[in-house]
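Consider the two complexes below, in which chain A is the common component and chain B and chain C are the respective partners.
Entry: the complex of A and B
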């Protein structure tokens, strides 16, 4: 049982890092950023390529995170920015961007999966009956550190305050002289950094491939809806709940239906709380 | 202080404000009066660059700021306190105030915050509370304080008494009087006639998007210009080009 819960925690941390990037962008710009999966893919390939070229893992990881940030900002500057006032267009643009990013990876590296080796691949921690693989411990540490940094940015800095203001009332923030477009770019920059973190945390347990992030993107969207659209704290709560639910379902019912448990949970939550666990405009990006 | 010349705002084929010219002087509260839909709020939004202007010239303290975007206008000293307060309900009162000074250095922000807390003591006491928990009158005070955080030379105020109790209206009126006394100009759009009579020295009457009368508030009331505007009797002068 404790091993199942710990596995759920690992899964929840991965969902949290991806979902917070999605919900942040949704909170500030109201865009369902499907292209986030493509950002994760390119960040994972950048990490793999840097490692393959001989860079130490830490440097390769930084290259991957930087790649995620740059690609994410480019999607905002070159595409999303131009449809911000056209809510019907943004999902189509997001899907188109996802295809472009995935096909960029496909053309550059082919469809075959590549393994991302890390210095902690073979490390195993044992606490009583629970086994903790090094890659999963690293995932939890990265998730906790990056989400703590995000919390500090949003709650303690002028940039974070402006971003929360824009998420709650864009027009009122503009009236006060807050540069709105800069907040969009900043949201995508943070989402891209988190996407890069997700890539280096996630890729070692699976393989780097153009479609590696599809499943996790789907789960992350479940998390975003569970937690309440635009709510960062809701996304973290939703991610942990979903991770544990999927892990329990997979262990005690059938692993073939792992994702189905997430959707079942989503239906149950939405029946009770139709707007998600923490969704009000006042909680946007908070 | 503020001179607006020939301001026209159109939304597609519909002209909401046509050829509005007005002035506001430092240390005074100047009113813009008129019925619902007359174009008062659109005039304020046009001055502040929140709606596209078809024509017009905005001069603030002798500086032509016509081409400035809202951010540059705020930096030039033009603050807008919008209708319905528009506070950020999930942010604390202090965070709401600090957003009003966005782009300023930490030292300046803290200094202005101290000024606000000196002026509105209860705001300091409740600074850590979410703004969404405040009553309407308290929210209006915070909205005015937030506008003051940009250290404006002119505050554009849109219907500050809307939805407030008479006691809260009096408190807001007192705050506005203090602001004007400190030398800041206030351009006030307001439907509450009592508040207008208490605060405004001069006013501009607007009907169907055009200025129909101007003068001291006493003159306008005596001439019936205000009641005509509110009751829909005001007509645009024949030489106005409409």
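Entry: the complex of A and C
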């Protein structure tokens, strides 16, 4: 039981890092960023490629995170920026970008999965009946550190304040002199960094492949809906709830249907609250 | 019926009949890879005609169409295995899938835009999980054979006939109050609701109709193809169907046809190497969304209007 809960915690941390990137972008720009999966995939491949070329792991990981940030910002500059006034078009653009990014990875590296080796692969902690593989501990550490950094950025800096202002009311923020365009780019930059962190955190436990992030992205979207589109704190809470729910479901019902339990949760929530747990009218990034 | 409306119907239904006949000729004429491609194009067009109600007219981004398509294909295959007559198996498969569509509709038709896209996408992901894992019925990841329900000639006739009848039904339904209500949902859902349009119910009906079209297309596809596998009905396929409607021109009569020919042509016919055709497709799709929100047919229609007005004024 405690092992199942710990596994749920691992999953929850992963979902949180991905979901916060999604919800931040949604909060600021109202884009359902399906292309985030592509960002994660490319970041994972960048890490793998750098490691393969002989770079030490820490350097390769930094390369991966940087790659995630660059790709994410590029999607904003080249595509999303142009549909900000047409919300109906944004799911379409997001899906188009996802096709492009995933297939770039497929073109560059082929469809075969590759394993990402880390220096902490073989580390194994034991606390009573619970075993903690090093990769998963690293995942939790990375998640907590990056989310704490994000929290500080959003709550303590003027950049964060500007971003929250844009998320609350775009027009009012613009009138008060907040540079809107820069907030868009910044949101995608942060989302990309988090995507890179997610990639290096969980690629070692799965495999690096063009479709590695699909399931995680779906779960992360459930999290975002659970927590309310645009709410960072809601995303973290929702991620932990979903992680534990999926982990319980896969342990006690069927592991093949793990992500279906997330769907069940999503259905239950949407039947009761069609616009998510938090109304988007009271949207905020904090 | 006033003459102008008769003329309008004739102008739409004439080409529909022609396309239907052409589809039959191509289905009979082509063998091997070309035949496969024609089959895909015809069955996609039938399925996408249903999607054209939800995504096209009502403007709701539905990513569930591939799972309805797969639902029809798998259900009919399973029922045929149990010795049911072909017509009954097909009817039950379509009915069962429409029931699934009803459930999807009941849950998600109250949600708006982004939530709807996320919910339907997740639904497709779950059906793919079922297709892959319920190996006793579906044969698992490698798929399963489909028993022959109809003779091949009949299947070809049904494919071509359903293509024409489906498009005709779309044309006629789009002109009814149902079509007008869907358009009202697209234009301004809150306003429509206040003016007394039962928006949730209209969306629900549209989703169930789209499930019916998708399932019937799946039944015919399975019959002709002889094998069904999960990879034919994943949410990537749902994306591609969504893309097809967008490229064709959402809500336009021939968008399913133009969209599926373009998408399938680009992904199956042109071989740039792995992935490249989908990169091109993604770029084309984004470009169409940004530059020509009414799709290829919208651009052609605008060009045609310009030529005509020039001819009149000259």
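Definition applied: the second predicted complex is superposed on the first by the 274 of 286 C-alpha atoms of A that agree within 3 Å, B and C clash if a C-alpha of one lies under 4 Å from a C-alpha of the other, contacts with A are read in each partner's own complex, and residues count from 1 in each chain.
As a working rule, contacts are C-beta pairs under 8 Å (C-beta built on N, C-alpha and C of every residue); 3 or more make two chains touch, one makes a residue touch a chain.
As the structure is a prediction and not an experimental result, all values here were calculated from the model.
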Between chain B and chain C, whom does A:104 touch in the aligned arrangement: first, second, both, or neither? second
Which of chain B and chain C A:221 touches, first, second, both or neither: second
Can A:79 be said to touch chain B (first), chain C (second), both, or neither? second
Looking at chain A, which partner touches more of its residues: chain C or chain B? C
By the touch definition at the top of the document, which applies to A:169: first (chain B), second (chain C), both, or neither? first
Touch check for A:177: first (chain B), second (chain C), both, or neither? first
First, second, both or neither for A:46, with chain B first and chain C second: neither
Chain A contact footprint on chain B (complex, rising order): 48, 50, 70-71, 73-75, 80, 82, 86-91, 95-96, 98-100, 102-103, 106, 109, 130, 132, 146-147, 150
Chain A contacts chain B in the complex at 158, 161-162, 164-165, 168-169, 171-179, 280-284, 286
So in the complex, the part of chain A that touches chain C is made up of which residues? 26, 30, 32, 79, 82-83, 86-89, 91-93, 95-100, 102-107, 110-111, 210, 214-215, 218, 221-222, 224-225, 229, 254, 256-257, 259-260, 262-263, 266-267, 270-271, 274-276
Under the stated contact criterion, what part of chain C meets chain A in this complex? 59, 61, 107-108, 110-115, 117-119, 121-123, 125-126, 129, 132-133, 235, 239, 242-243, 246, 273-276, 278-279, 281-283, 285-286, 289-290, 293
